[in-house]
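Same chain, two partners: chain A is paired with chain B first, then with chain C.
Right after this comes the complex of A and B.
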């Protein structure tokens, strides 16, 4: 993810999978009501497009074109995009034609490399006519690829053949009762069983390459001749064209631009999208964007007193509620166990009902998990089993431990505080804000609209040497309002406490005063 | 640097040159024919005179400073003038302290060229490149990128005639222009 001005890594949230991320890097699955990061969602390629000309290519076409754009090139010298420049060329003898001929060449605006540098003749058309350089190994690679494709196919057929043979060995009930399988097939009206043929061995094996006995003599000039750095390519430039690996700068060649992708991210547990971009490459908007930033209260460090080993000091944090619903935040010790879902008792029944309904739905509609073989009844049972097992296994899946050692304790306050909903118009409100929130004065220092400044007392460990980074953490529990169920079923929005661990890097410890 | 007192302002502008009143010129400076100096450009001839050739383009916030060359600190009085050739372009925000500048060079935006560098002809110093080490840029060298990679260009950068023509027309209608003091030879 990009580093934005909000993306400050002194406050990190522990994802459900146990990785530490900033809030801006996290997603929030509304269906599971859990944090997800880029490592615990499945990535799917939505579309291929060229970042320069914004042309959209279907994935099959992109594969044929080797994931490269036909019209756009990048500079072999500095990797910037090359732009097409027009030049007018006077014809050789003016009597022939008075009109000047327009020719085109490629030029880099960063390093001023141009296609004329390598003696590439100017083209008469702006796009599409640039010569392609074929690799001398391309035929050989094609041969090898097709050989392995053939081998793969053959292996598959062999396996099937083996399976069929195994099946034949088993005597079925119909055989015992005297009705042969063939007779049965005839009666039902199925075509006759084809005799199993052993797949033909039709893979053409490529002649293996041989190591050459004759090796060129060592060129002593390499050691004696002084190097002109302006004539040889850098490692970077060489590896940019792995098929040719030019040694000299005069051999570099414009490179077709590699296509970019738009990808959608999907929660692995519930298979809902957490992020889905719009298909059009010109659009930077999202169809679905469940960023944690829109759902989870943001924690920022405001001030912290000088941190001295064993001494309590004051820490002021700012909490911001990004949602349209009021929330209550409370603190729990860092190591308090986090349950997957903590339903409030009265809503508990509904949620159970929901899950039952969900099960029913999934059993009625053909599920993706359904195995291709087996009767329909079997598949129904199957889905029930897979669903329940997958759920239980997913729940049982323990996240990895958080790779950050806490060397500072927080005095967990017993009281909670309320964060009002976000109001975009509040900023423009000239009137003095009146809020009737009864705050614990020891906890809440100041508040404004959907923000609250919270005072905590932290104590770095006794044995901490000077100049170590002080890391502290707590479990933040906030009341989350899930609006998904209410939209779908006209129910009241579900409310439950959502817990997550927050880790704060407070800075370096200082010596005693 | 405090012991150097700037010589008295002695600005010589050849006819045909376009020097905006808002530019900051200090010391003994000669500006050649058809050269354009934008408002807010800074030229400081600290140690010795600066002579700017023809058809140069000095854009806003560009800084040309001629300090005492590092190898000549001993005899301050005998410093040769800095002669900047023709067709040079000093883009927005560049800072050039080079001891020698030839013809047809381009100093792109926000680049820095230190006083130990001498620039020959047809060089391009890319945007944001910082050249501080003692070196001599050969002809048609192009410096580009974060790490100041170098490559040799095919030809000199082309002079931007159309751009300069437009500026010659537009600048006088929005800015006060310094009057030329010298006639073309």
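Right after this comes the complex of A and C.
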């Protein structure tokens, strides 16, 4: 992999959870002001739809339909979608009716399989009329399930009865009248009188399966008849129909297509959405999308001098500010500690979130409701605390160390530089660029609107062999303007420094010249 | 199933070495059966080929992501799940599954069930000898009145994997290039061409000059450019590895007999007349009748004279053998066990690990 201007894979940002991702793969939770990625957010099913006909199904309906579309089928031979084909059938007797009848069958445009191949009769309606198959064992299994349920209920009753009985015993032993009937029975060696237990509904015991001595699973024909591979199903084709698992191609059956879902992503720490799609399956838009690309300065590699072990060389990076606010970027050593905020949101944070309810109503969690109900009994407060801690320990993922070793050092510049806000209009304004930013000329090579070209000096490790991938990194600190709080409280936007680690793959090392 | 129960149905998983069976409680058939593999680091990898616990954890996160968002289409948070597992499941695997489910996906409770034990539920019987022949190993456990006789269990490294290795070396004798066949092609050849032959034919085939005509040869096309010759002998011999005694004189049928030797005398006949075969490998054509033939043959040996068993009987479960254990889980999961015997989130976070099999509170009798 060579480091190039358009190659975005060579610049990776370390997510709060420790995984390395490109900026385009990251989310930025504006409430926590932290990077998030698909690994460390929680995923939720938002809506169900069919990927072929785009029908939207409420989740309860999807569940009843076993998460399959009623109208769309996939090919049992090659798993591609089947298309419904219309055929016109000439009436057998031309005098009877002049109108030709339209019938429909399913056909695969990929492997040419069709529902006619298995002798499935054509249907008169285009959708919804294809026969459904039930497992031949479903009645028996249903009976077994009800039996086990019943037995459990009975056992529960037995236990309760036994407990009651024990209680009675204790009472009767302490009875003033002395010896009890039960104790007496025991003494003279009679069994305890056990009343017959009556569960609410008598459990219907199914006949247990009977094992058989005669087995007939060998077909003599296999020894003489040659087989045609095209008539025998593959294992994948069999597993598409788990109940039948047909061995012959002639027994495969169209498969109802599995539905697709839209997902919303939620920050685990503050439970706000970082991504929420629109409900309509035809829409590719989002109601909420907090991509890091819109909040974090983008770093790209422009050029790098040939990399030689132990020799300093010049690296030019391009920084772009995607936000509407001016920012200041500074560099820190790669290993400098990054404070990670506590997993438990503070009280203040909660009230702030509550005022933002209209943005995201579903973010209210049961424990938060409890705290706002205002009961201040000591015991209740205690349970509340244990609740939140157990919940957050359950939800918080412990960050991992970064799985990349740095083999090239960066001379960390002491000066900082400014990135002006993004101005879409300026993109078209090629001339008259005036800026009065006092730059450290050693650091900033060139700048234009919200972009700056920065010169760094990097030195690959002394002992590096030729043709090794050179990896370097630094901690980028940028001034982030958080507008979330200002919307809610009519306060000034909060400004603070946000730090993250950036890892650059500069390319392969070369030999000395 | 009544509508109100559809709402409550819970995911049931049987994560096999080769295939995962996925479905919901109370249903008679799994919704899907698919290979136990995930896309990780840019390639398809088997879930059980993990390098270390971190690698396994990451693969399990991806695996369950597919389960929830590709198959179940359901959010995992605060919902229970039923997992059917083998008694031989490595501890690191069980612990990682629990960690991923509780920590990463925030499930409410986990019901772990032993595959041998729950398979009996599909028959509505309490006593049977269960032989599971899967991908990596074959495990035989007698179960008496709902209790697994752990002291009598037998296991051998016999299963699809050893059949594939055997098939590969047989193919290599007749075809150059067979050594590079992928596991999936070998599996396909096995499934479509091979079968378990009769004992009398197997004896002949093992001789240098067999006195019988082989079954017809199959020409198997590989990747559209070459043809593999799958001779009649190969077709019949692929499964023989299961019945050939190894250096310790052990093979599939002796596992059953050895297990019977280890149980009480008065249970032996009852178990021999209640054999349940589970696992995909037992679905091969001719497998059951051959196993019975072999059992009767080995009974003549001196070491099993004490057994005094006259006949062997086999159960037929209301399922295909490769998902019998899953079905058992689906039956148990539909009962109150899901509420009373599952490990809850709070219990798990108390000491952040799973209880041992031996002191699992649900490791008791039938429901």
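The definition used in the following text is that the second predicted complex is superposed on the first by the 318 of 513 C-alpha atoms of A that agree within 3 Å, B and C clash if a C-alpha of one lies under 4 Å from a C-alpha of the other, contacts with A are read in each partner's own complex, and residues count from 1 in each chain.
Keep in mind that, in the parts below, contacts are C-beta pairs under 8 Å (C-beta built on N, C-alpha and C of every residue); 3 or more make two chains touch, one makes a residue touch a chain.
All values reported here derive from a predicted model rather than from experimental measurement.
Engineer: Considering only the touch criterion stated at the top, classify A:202 as touching first (chain B), second (chain C), both, or neither.
Structural biologist: In the superposition, A:202 contacts neither chain B nor chain C.
Engineer: Just to be sure I read the superposition right, which of the two partners does A:78 touch: chain B = first, chain C = second, or both, or neither?
Structural biologist: In the superposition, A:78 contacts chain B only.
Engineer: Kindly classify A:425 by the partners it touches after superposition: chain B alone (first), chain C alone (second), both, or neither?
Structural biologist: neither
Engineer: Just checking: does A:211 make contact with chain B only, chain C only, both, or neither of them? Give me first, second, both or neither.
Structural biologist: In the superposition, A:211 contacts chain C only.
Engineer: Considering only touches as defined above, state whether A:234 meets chain B (first), chain C (second), both or neither.
Structural biologist: In the superposed model, A:234 contacts both chain B and chain C.
Engineer: Between chain B (first) and chain C (second), which, if any, makes contact with A:116: first, second, both or neither?
Structural biologist: first
Engineer: For A:145, is the partner it touches chain B (first), chain C (second), both, or none of the two (neither)?
Structural biologist: Second partner only, chain C.
Engineer: Going by the touch definition up top, name the partner, chain B or chain C, that contacts more of chain A.
Structural biologist: Partner touching more chain A residues in the overlay: C.
Engineer: Would you please give the residues of chain A that touch chain B in one complex and also touch chain C in the other complex?
Structural biologist: 229, 234
Engineer: In the complex formed with chain B, which residues of chain A make contact?
Structural biologist: Touch residues, chain A against chain B: 77-78, 110-114, 116-117, 229-230, 234, 249.
Engineer: Mind pulling up the chain C residues that touch chain A in the complex?
Structural biologist: So the residues of chain C in touch with chain A come to 1, 3, 6-7, 9, 19, 21, 26, 28-34, 54, 61, 65, 68-75, 77, 102-106, 121-125, 128, 187-188, 191-193, 195-196, 198, 215-221, 273-275, 283, 285-290, 292, 311-320, 322-323, 327, 331-332, 334-337, 345-346, 349, 366-367.
Engineer: Would you mind writing out the residues of chain B in touch with chain A in their complex?
Structural biologist: 124, 126, 141-142, 144-145, 149-154, 157
Engineer: Show me the residue ranges of chain A that touch chain C in the complex, using the header's touch definition.
Structural biologist: Contacts found on chain A: 39, 42-45, 48, 60, 62-64, 66-67, 135, 137-138, 140-142, 144-145, 147-149, 151-153, 155-156, 206-213, 215-219, 222-227, 229, 232-235, 238-239, 242-243, 245, 258-259, 261, 263, 390, 393-395, 397, 400.
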